[in-house]
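Dropping the structures in below, format is structure tokens.
Next, two complexes with chain A in common: one pairs it with chain B, the other with chain C.
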Partner chain A sequence: MERRTIFLLAVLPLLVVALALNLLVGYRPEDMPGLIGAVLRFEAQSYEEAVLLFQRLPRSLIAIYVGSIAAASGFVLQSLVRNPLASPATMGVNAGAALFLVAGALVFDIGPALQGVAALAGALAGFVSCIVIARFAGRRNDPRGLSLILSGALVSMLFTGMTNAFLLSDPARRSEFLSWVVGTINHAYIDRLAMFWWVGAAAIVAFLLLARPLTLILFGAEKAASTGVNVPLVSRIAILAAVLGSGSVVAVCGPIGFVGLIVPHMVRPFVGNNLVFALPASLATGAVVCLLADVFAREALYPYVLSTGLVTDLIGGVVFVIIVKRFYLTPANREAA
Partner chain B sequence: MIRRGTATDGKPVLRLANGLQMRTGNLLAGCGLVAATLILAAWSTGLGLTDTGLADLLRALSGSSLSDAETYALLTVRLPRILLGFMVGWAVALSGALLQSIARNPLADPGLFGFSQGSMIMIMLLLVIAPVAPKSLVALAAVTGGLCVAGLLLWLVGGERSSGLTIVLLGIAVETVLSSFGSLLLLYLPTETSITLSEWLAGSLFQANWSVIAAFTPLFVLGLVGSLLAGGATSAYDLGTEMAQALGEPVARSRPLILLFAVVLSAAAVTAVGPLVFLGVLAPHIAGFLSPAVGRARLLLSGLVGGILVVAADALTRGIAAGLPLPLGLSLTMVGVPLFIIALRLQALRKLQSH
Partner chain C sequence: MQKVKRSILLETRHVTAAYGKLEVLSDVSVRFRKGRLTAVAGPNGCGKSSLLKAIMGFLPVSGGEIVLEGEPVARIGRKKLARRIAYLPQDCFCPDYMTLGELIELAGYSRYALVGGPSERDRALYRQVLETVGLSDRAGFPVNKLSGGQRQRAWIAMVLAQDTDIVLLDEPVNHLDMKYQFAVLELIRELTEIYGKTVVAVLHDLNLTTTFADDVVLMRSGKCVTSGPVAETVTTGNVERVFDLKTQIFPRDGRLVCFPERSGQAAVS
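The block that comes next holds the complex of A and B.
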């Protein structure tokens, strides 16, 4: 069997295992049958079952949503921007969404539904600023797109700084957003997921529909055009879907960084660049990574519960360094960097 | 004794009898900056909620007594903040200027490279292990942390390749990892320590007092003296390592030494107010814009500009945004990013011209 098929076949059981871990870690083995029955009947008869149904299950759903959308968006962005470091977190998308949401909530006092719209607008604003600044400050001789990532980092720093300033200006409502702003998966945000899930679903549908033309674009714009692909239109729709999908993730649970950066690099060695296969693989792998990061955040330092965003930042920063080292600092690529 | 003359590039210089020469432009810029510092500091003593100022301070010095509120505002809050702010700004700017010379990277900055974050993590680790560690141990931890990050970065980019954007990106990544690690450490600290620390993590002058200044001074003086002794060589390093070697600079010895002093200065600033990003890039660029200089003159001018920037930022937060407790690190980031982007743009333009 091909590596691709093995990976795709293996990742689904892995997803089930990760989901089961996320739901059931910490319960006693003898309670398991009852708990599983409670999930299947969807009604709780004891405290443990209520915790499972109304705290852990929402958490897992959010983790799956966050992980899969971030990973798929990351894969599409990396393919289209042709940069191994591209992702919603490294291109200012997450920081922009967070800034607009917090500014909207604290300055204009808008409700949750409009906050979501603000996050989507912010995601677009962050992405556009990143591109504009890269054009403005970039060097002509920058074949590997480092200035794009640098301007993404700068945009993120600026927007995060402004978000913090907004939060400081309103100490009373600060605590409401303090855990959200570092990226926290929490059952309390399930209402927001119910409100915004369709944005992410639409993004995934768009990705899957465009998987073939996007793969063709990877071979080069001219080649894709000669096979009948409308390159500008397809690229724009895909980028818009990636950015808005990431914006909806931020609207649900805050900027959870780096999943979109890591997962494509985990998937690519096995599945390759063909998006028809790579997108489903990324969706599933992203969900697995996020579920496991959430388990880690919950259990590693028990009784303290960490923000999942902290865990992904911690892992993601290390992976970022490894990617830079591998892609930019190996002897063959040194001159380009 | 003092003669006027012209340097080889035709700019006017002042020559002293013993052969020392100074560029008139740099001298004037230095005098102007010192004057600006004094005016700013004097104005800044009058800003804040209590209505008092320089006049009261002078009266107090000449013997007459002040009300308790005025004494508190002047001597316990404002003067330490101004003094500490100036010294910290000086230290970070100087550290940035040194790094820019030895890395030959105009974007080098102790904050962007993660040195400050490294120092901070080490201090936090120390506080987790030994909550009542003596001040000298804290200082040592700060220097060690900064050196560890410096070593890590050098290893990652492979020694000589410190001039591109890569090292900046790696520095930012290291900073991200370290700051989330720092947030993890906060959980393990006792509640009171962790609340004070989170203010300090943001880089603020809120806790400036005379004992902080006393703890900061030894490291500051060490870094200052060291960098001014070793710093003359930065003019040679600006030309590149090979050129510096050809000019008779003992590269193998003085490069690590300059790096050490840069780390000591940034560590001193971290122990006093927490990590400040962008200041180390901005100050030398602004100084170079005011009056192009090399060697020690550049270091001194950068230091002055850094001090002025911090005192001005502090004055603004106290005077204008009095209700908003904006930490220094935050306001520096918000001002720093746009200016940094402009610096990138200018650098790109210069590259285009030279090709």
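The block that comes next holds the complex of A and C.
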């Protein structure tokens, strides 16, 4: 059997296992049948069952949303800007969304719904700043796109610094918004997921409909156009979907960094670059990674609970270094990506 | 008169085009005849590739027009044009891990609905295409792991899978050694002879041109010097005008052979 088929067949059971782990780790084995029954009936008869249904299940749903959208957006961005380091976290998208959300909440005192809209606008602002600065830095003479990633880092630092300034200026309310410095998955954010899930869903639909033309763009703009792809239109829709989808993730639970960077690199060796297969694989793998990172964040230093974003940042940082070393510092691999 | 016109599928009329200030095509008028293999030849930088790019709409045309069966190409949408003309750029790049089967399946994009993929008819065509290029056993193989000659045939398979009447090939045998050059050109020849396609190929080598092409367009510095059937167009006078090179041209086994004379000088301006 092909590697791709094996991967696609294996990732769904893996998703179920990760979800079960996320929901059930820490409970006594003898309680399991009752707990699973409670989830299936969606009815809590004891304290444990209530915790499971109203704290753990929301967390799991948020983790699945965040992981799948970030991973798919990362794959699309890496394909379109032809850069293995591209992702919502490295291109200023997450930092922009966080800044606009925090500024909106603390300065203009807007409620959760408008905060979400601010996050979407911020995601766009972050992405556009990154591109504009990269242009000024001479992206055209830079075939490996290093300037794009550096300007993304610059924008992220600047925006995160401004976010911190807003938070420091408001000691009374800042603890409420600390999640938007490092993403935190918390059951309380399920209301925000209920408000914004459709943004991510629309992004996924757009990605899946455009999977074939996006793959053709990988062959170069002229080859793609000669096979009938409207390259500017497809690129714009896909980038908009990726940026707004990532913005909605930040709106729900803050920037869960680097999932969008690392998952495409996990998926690609097994599934390849054809987005018809790579997108479903990224969606599922992203969810698995986030569910497991969330379990780790909860259980590693129990009874202290880490921010899930902190865990993904730690994993992502290591992977970032590996990619830089392989792609930028190894001469033999220059043409590989 | 009417009959002559109908045999012309694609035509450029006084086409002028430029990259910024650099004019790469000036007043080029060429007719490509149906079912023929036309070679576009000339020295480096003479506008051969630009001519194909202008036809595809990748190079903005500032004067004149390009006409496909009476319809200006500029007014045909991307998807519609993709069903009429297939194009193979000079340097093709295939993403890693992409298999030959996927490559061919993607080529039919212009025929697929927004949701959904190849039809039964498409799949039958793809099997036939793989057979034509002699790579039936390689469908599941990554394109980047094929040998040079096989990879070039894979790109031609992608162009064939697009199922168009017209095929534009930009230097299809450029990086190949002599054996593969002949094999690939033999295959391209089959496209016209067996499938009745109209093929325009940019070729460097005059001897490959005289061996395989029906018609030839000779270009120099963005202008079409002359064009027509190979036997009448490839003459010592025309070759000297285009390449600045004295040649002996003589018929051999029903085709022309060009044999450049040594100039005795190391540098040619």
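Structure notes:
We take it that the second predicted complex is superposed on the first by the 327 of 337 C-alpha atoms of A that agree within 3 Å, B and C clash if a C-alpha of one lies under 4 Å from a C-alpha of the other, contacts with A are read in each partner's own complex, and residues count from 1 in each chain.
As a convention for this text, a contact is a pair of C-beta atoms (placed from the backbone, for glycine too) under 8 Å apart; a residue touches a chain by one contact, two chains touch by 3 or more.
It should be emphasised that the depicted structure is a prediction, and the values quoted were computed from it without experimental measurement.
If you put the two complexes together on chain A, you find that chain B and chain C both fit without a clash. In the superposition on chain A, contact is made by A:Asn273 with chain C only, not with chain B. Of the two partner chains placed around the shared chain by superposition, chain C is the only one that A:Asn230 touches, whereas chain B remains out of contact. By the touch criterion stated above, A:Asp313 is placed in contact with chain B alone, chain C being left untouched. The partner of chain A that touches more of its residues, comparing chain B with chain C, is B. For the combined model, the angle formed at the CA centre of chain A by lines to the CA centres of chain B and chain C equals 100 degrees after rounding to the nearest 10. By the touch criterion stated above, A:Thr215 is placed in contact with chain C alone, chain B being left untouched.
Using the contact criterion defined above for the overlaid structures, shared-chain residue A:Arg28 touches neither chain B nor chain C, since it reaches no partner. By the document's definition of touching, of the two partners only chain B reaches A:Met162; chain C does not. Once both structures are fitted on chain A, no C-alpha atom of chain B lies closer than 20 Å to one of chain C.
Where the contact sets of chain A with chain B and with chain C meet, they give residues 337.
Of all residues in chain A, those touching chain C in their complex are 2, 209, 212-213, 215-216, 218-220, 222-223, 225-230, 268-269, 271-274, 336-337. Contacts from chain A toward chain B in the complex involve residues 85, 133, 136-141, 146-147, 149-151, 153-155, 157-158, 161-162, 164-165, 168-169, 182, 257, 301, 304, 306-307, 310-311, 313-314, 316-318, 320-321, 324-325, 328-329, 334, 337. Residue ranges on chain C touching chain A, taken from their complex, read 53, 56-58, 78-79, 81-83, 85-87, 89, 92-99, 102, 106-107, 109-110, 112, 114-115, 117, 140, 162. The part of chain B that touches chain A in the complex is made up of residues 156-158, 161, 164-166, 168-170, 172-174, 176-177, 179-181, 183-184, 187, 202, 277, 324-327, 330, 333-334, 337-338, 340-341, 344-345, 348, 351-352, 355.
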